[in-house]
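Each structure below is given as structure tokens.
Two complexes, one shared chain (subunit A), two partners (subunit B, subunit C).
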Partner chain A sequence: MRLRLDPKGTVERGIGLAVLVVLALGPAIFNEYWVNTILTQMFIFGIAAASLIFLNAYGAMTSLAQTALMGISAYLLGNMVTQGGAGGQSKGLTLGWDPTLALVLALVITTAIGVAFGAVAARSFGIYFLMLTLTYGVIANYFFGQVTQFGGFSPIAGVDQYTPGFVGEIVGHANKLYYIAFGVALVVYAAIRYLIRTPFGLSLQGVRDDPVRMSSLGYNVPLHRALAFGFASFVAALSGILFVWWQGQIAPGNIGLAATIELLVMAVIGGLTKIEGAWVGAFAFIVINNYVRDVELPLVGGSFNTIIGLIFLVIVIVSPDGLMGVWDRLWRSLGGRGGGTPDTASVTRQAAPEASIP
Partner chain B sequence: MKNLRSWKLLLPLAGLAAVASIWVSGAFAGSQATNVIRVAIMTDCKGAFAFGYEIDIGGAQAAFAQYAGGKVKNPNKPSAGMTGITVGGKQVQIVGYGCGDDTVPTAVKETRRLMEQLKADVMVGPLSGDEAVSVANYAKSHPTKTFIIGTAGSQDPTLQIAPKNMFRYHGDGAQWNAGIGEILYKKLGWRKAAIIMDDYSFGWTSGAGMIADFCAIGGQITKRVFPPLNTTDYAPFVRQLPRPGTVDGYMWVVGGTGTAASLKAFEQAYGAIKPNEHAGNLFFAFLGADKVVGPKVVGTYVGGFGTGPGLNTPQAKAYEAVIKKWYPKIPAGDGFVYNYYNAAWALVRALKADGGQVGAALQSAMPRSNKSGYEVSDGGLVKLDARRQAIQDQYPLQVVKNADGSIGTKLVGWVPNVDQSFGGLFKPSSPAPGRSQPKCVKKKLPWQGKIRVITNGKITSQVIK
Partner chain C sequence: MFRNGDFRHLAPRLVAAALVLFAILYVLVISNPPPADGSFGDWRTTTYGSALDDPGSFSLILLDAVTFAGLLFIVASGFSLIFGLMRVVNMAHGSFYLLAGYIAYEVQQRMTGVGGFAIAGTDVSTWEWVLPVLVAAAIVSVVGVVVQQTLLRWNQGQDLRQALLTIAVSVIVADQVIAHFPRSGTDQVGGGNAVSLTWPGWTERRIDLQVWNIDYSLARLVMLALGVFVGIGLWLWLYRTRTGKVIRAGVDDPQMTSALGLNIQKTFAIAFAIGAALAALGAAVGSSQGNVASGQDAQWLLNALVVVIVGGMGSLLGAAAGALLYAIVLTFSAAYLPITSDDCCSQYSIVLTFVLIAIVLAFRPQGLFGRAG
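The block that comes next holds the complex of A and B.
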């Protein structure tokens, strides 16, 4: 093994380690609101955004179904664990099943739905893939909003009261959920980094770069894409479980079009090419969402949506690879060398192939 | 090119610096003053009820001004704020106004912001049914915070969920419709009716009140139709209703822009609207604003909102005078104003009684009765039941044409002491109102046969026959 001098990589690892240390000490450093709301939420939405970035960066699949998949797992869990009757919940199936069983089932069923979604969408590319996944999102939104047995317009609530024994009580124990979300985020990050180095991950990147060639080499392109979608669905499902534990309730508005777009905006702000960007984007989005209130801009007036729209516009124009790309540019402008970790997908390689698969 | 690169870099860096400065100022915020009672007012500034934003805040703040020395900053704009509120020797600070949009995710987000970021001890709010369901669940897991519902019609928050730290000094959507069924049965001779209602918490609860009241006296509901919320084309749903002639009338529980749209669809499907064949919940009272549909529903009976606008009693007049004194432009008879006012007033009384303590002490000090403006029963006291839900007088209305040609409503009946359970029909263990709840059952309701006629704002001794 040959040592390679990579100053940028070293600096990045240093920054990453420092951030991890700060986050590990989060409850001691930050106030309660930041721990409970900003940072825990960042982990949760970061996980969902990571599933989107994984599909985009390594599979050239920009999915708008990740929010829906989050919601499906949250709804499944909510319907399975909550109990009806006096003092219980009044919406959904209120099956009152064992929380561990429900957790496993929610993850398995959501992943299975994701594989099925992926199988249908696997032969579509570019804008067609985007539209298909948007359709999934809309279907999920309307399904849970209008099939009132599963919840309807009202929230399925109190889900945070029914956690598996190995998790323990989370209501009133915000730090516990913080560390659970932190841990899951780390595992998801590591899993994605691992997956892209496996033979499957490498062939998936081959499919991303040239599906026709990969197909002629004998690789099953739709299967690769469907499985990648299934994996991303599992990641999104994890995020959905954490979300419903964090918020305690789930409603159709959580998986509506606005929520779908918000997740995409987080991924774009962070950077659609690097997994780390998911949490950077989620952090930026959530902080802005929390603190930019009632800001009146000249001419356009405005509120959060205007501000985040302008930021999004600036990011897309100035740094199409998001805040992570800003870092790359900063490094280069400071005269730094190195960079380009082996797993970094370039933006230029993102263009979705238009060729059809035989 | 290099210049271009540097500006491209500077912009996002400036953004990052801004975010970082917010972080530094917000993330490590210091401790708050302990001698201040922190109150949040949660309402909607977006969505279907955005019109209520200022008047809701105005209602709540009028109570702080009247009973706790609050100074109104701008009488024409309640959200400009209020200073100088003092109760029980402690200063009360309104830490923020929640901006909901009638959806659950925003309600949760805003509740967290108000209660956790701005560290409110008490919330006066929220507005609307599903928001209250959502906040009730939040309240359950935050027992040290106190929640006094602003205006919400869903039944669940105080019947099925019923957290001990949540209070509601007004009726739910079902209570608001008490008496309407009996009026339709007795005055219009309805025996069979169909109902069309929005397919969500408030629609179901409001519809439940109409169904329960009508069935209790002996009526039958032959069909229930559920258009999803925000439906724009009501034709397919109206077509599901039985044809005219097969039922005596139709009950409408369709809100927002849907009220007029659904009636237009009915007219297109089955011909002209006959007022004696239609009745509505409180949304019908807003039809006066619709120049096309409004005149066509003159004469229809309408469920109430727990308020008695135009009620000619000294207590009602005194309440209306208070609102006018502090916020001359907001309508005292509006249910939103009335309910937020009573919620804040109850809070002030509790804080006075417990010396300005919050948490469990405040919750046990919250008054079990309130001298609300339009209450007549029990010496004019709205009483709370064991689940901290109001037992409140109700006032069914009728759509009328005013002398100036405009379309409005008048009070037609006084329904005394309407409780949330409808005399035991709705129970904490029974399913919340839904597509098939409640069943249509004949039952003796506490107010049956006791609805008194109101003439020119005066409650007469005559009962409705």
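The block that comes next holds the complex of A and C.
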């Protein structure tokens, strides 16, 4: 066996460890606003962005449905836990079920919906897959806007009051949600890293690289893609639960086209090919969002969205692999070696000849 | 890990076929009109009953669907044309629609000198409708060509990157539209920024179709006629002119087409301009029939996507078939979902859009008229 030196990997692990230590001490280091708003949001949206990046990097499926899946789980939870009547003021079904049961059901149903979405899209590749998942997202948005029983146009509020016993109360307990979101983010990261090494993960990457060959070898290509989509839906569902706990309410606007694009922007800023990029991108986006929101552009006017659009444009033109791609290039230009990027589906990949699975 | 099985094609297709059959039978014979005493019914109760119970309403709804399909086709054919030639999914199509709707409205306001949310049709001559549309189409075409030349020309073949770039454009354009429009007309309805273009006065009447005593809105028939006109025009352009030949050659083999000395880049620019202009024409028609407001960019991007996913990307016939199917599903689901109580069930109509996509993709993953492989 030959000893492989991997200076880049070592540096990356060092940076990662340092970041984790800082985050673990977060509440002692940062002020309350940073902990409860910026960093907690970073964990939550990072989880959703990680599900998007997982699908893109290891399944060559760029999904624009992850925000909708977040919203579906948040809506399910909101409808199941909130109580109507004298004490409750919430919209929706106000079933008032046990929060633990509701949590499990929300995750299970969202994952099932994700598998169904994935099954419908399983034989669509590349840009078709992106379009199809975008229609899922917009349809889900209109569904929750129109169906008044599930909430309708105004938000389901007060969801954060009904947390399961093992979680305890979140409202009024500073930093609790921060650590919960931190923990879930770590688990999701580890789970994705684990999954891509399993037989399923390896054959999924085979499907990504050459679906026709994998099909000839006897692998069920649509099933692999549908199940990968189901897993990503579960991850997005976790993020949706945390989101509704964090925000306390869920409304159709949270899962609209703008929100869908925002999640995509986070993933692209971070880099669509590396799981770590999810949190990097979410962090960058949320910080920009917080500090540029009130800036008025000279000459053209418009709101924050114009700025985000321009930033997005520049990122896609200059570094389509996002900040993680910038880091890779920085490392190489400093004369560093080793730790080449994993063989993942890049944004700049050429359009594959349309695969047709019989 | 998972091996192929044989049943996986059959089972979903049988379910899909059964669903389609049931939906058709439901509309034609199964459903019943509401009880005479004004109470709500069961799962068989619809507003009008079945086609046998009320052929007049059925025909009207069918006409609504077909005329709406004309509008859907105009918008979606532009989207499909751009994709068919350049493999670019123009995610900014909905934003182009929005921009064009507002530009046409502004020009019409200036021309007629009458302000407000909408102008009375009697104040609008044909010219005062056509010129705003031409202006909007010209401006949006220029925007489209600028986007294509600056952002899409140098990265051909990187389909995801191009889609991301057009998403960025759509965010910017939609935001700029909200920031700067409407420039005139202060008394918008509902406090939003909804405005409405106005059809020329002569369309504001109903004509007798001589069948089942149906009087039908002339404006909606004009909408259908415009859709058919665009369809025939595109067909003649693509299949009967030299430019069309070059475009079709470019679709099949861009490198060979360039090698033959044909200017494929010029052709790409022309196709992008036409595609954007079709979004503009669609916006003019759509905002004349209804209105245009911020947020409709998402609606029309969805519409264009559904039409081409169902019909098949890059196919003219597919866009027509997709528009017709989608319009039928939208219109009939709004009218023929059962009414079992005050709050059931027409609000679930959006689910049927998903069902339509799922059924079509179960049979043909590339859409009805999309080319395989």
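Note that the second predicted complex is superposed on the first by the 332 of 358 C-alpha atoms of A that agree within 3 Å, B and C clash if a C-alpha of one lies under 4 Å from a C-alpha of the other, contacts with A are read in each partner's own complex, and residues count from 1 in each chain.
Throughout what follows, contacts are C-beta pairs under 8 Å (C-beta built on N, C-alpha and C of every residue); 3 or more make two chains touch, one makes a residue touch a chain.
As the structure is a prediction and not an experimental result, all values here were calculated from the model.
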May I ask you to decide whether A:329 touches subunit B, subunit C, both, or neither, giving the answer as first, second, both or neither? first
When the two structures are overlaid on chain A, which partner does A:100 contact: first (subunit B), second (subunit C), both, or neither? neither
Touch check for A:146: first (subunit B), second (subunit C), both, or neither? both
For A:171, using the defined touch cut-off, is the partner it touches subunit B, subunit C, both, or neither? Pick first, second, both or neither. first
Figure out whether A:291 sits in contact with subunit B (first) or subunit C (second), or with both, or with neither. first
Examine A:309 and indicate which partner it touches, taking first as subunit B and second as subunit C; both and neither are also allowed. second
Can A:215 be said to touch subunit B (first), subunit C (second), both, or neither? second
Do any residues of subunit A touch both subunit B and subunit C, and if so, which are they? 146, 148
Contacts from subunit A onto subunit B in the complex sit at residues 29-34, 36-38, 84-91, 145-146, 148, 152-155, 157-158, 160-161, 171-172, 247-249, 251, 253-254, 259, 284, 287-288, 290-291, 293, 311, 314-315, 318-319, 323, 326, 329-330, 333
Footprint of subunit C on subunit A - complex, ascending: 62, 120-121, 123-124, 126-128, 130-132, 134-136, 138-139, 141-143, 146-149, 199-200, 203, 215, 218-220, 222-224, 256-258, 261, 264, 268, 300-303, 305-306, 308-310, 312-313, 316-317, 320, 347-351, 353-357
Subunit B to subunit A touching residues, read off their complex: 5-6, 8-9, 11-13, 15-16, 19, 22-23, 26-29, 99, 103-106, 108, 112-113, 116-117, 129-130, 133-134, 136-138, 140-141, 154, 156, 160-162, 199-201, 228-229, 427-429, 431-432, 434-435
Within the complex, which stretch of subunit C touches subunit A? 1-5, 8, 87, 89, 91, 151, 155, 157-161, 163-165, 167-172, 174-176, 178-180, 297-299, 301-302, 305-306, 308-309, 313, 343, 347-351, 353-354, 357-358, 361-362, 365-366, 372-373
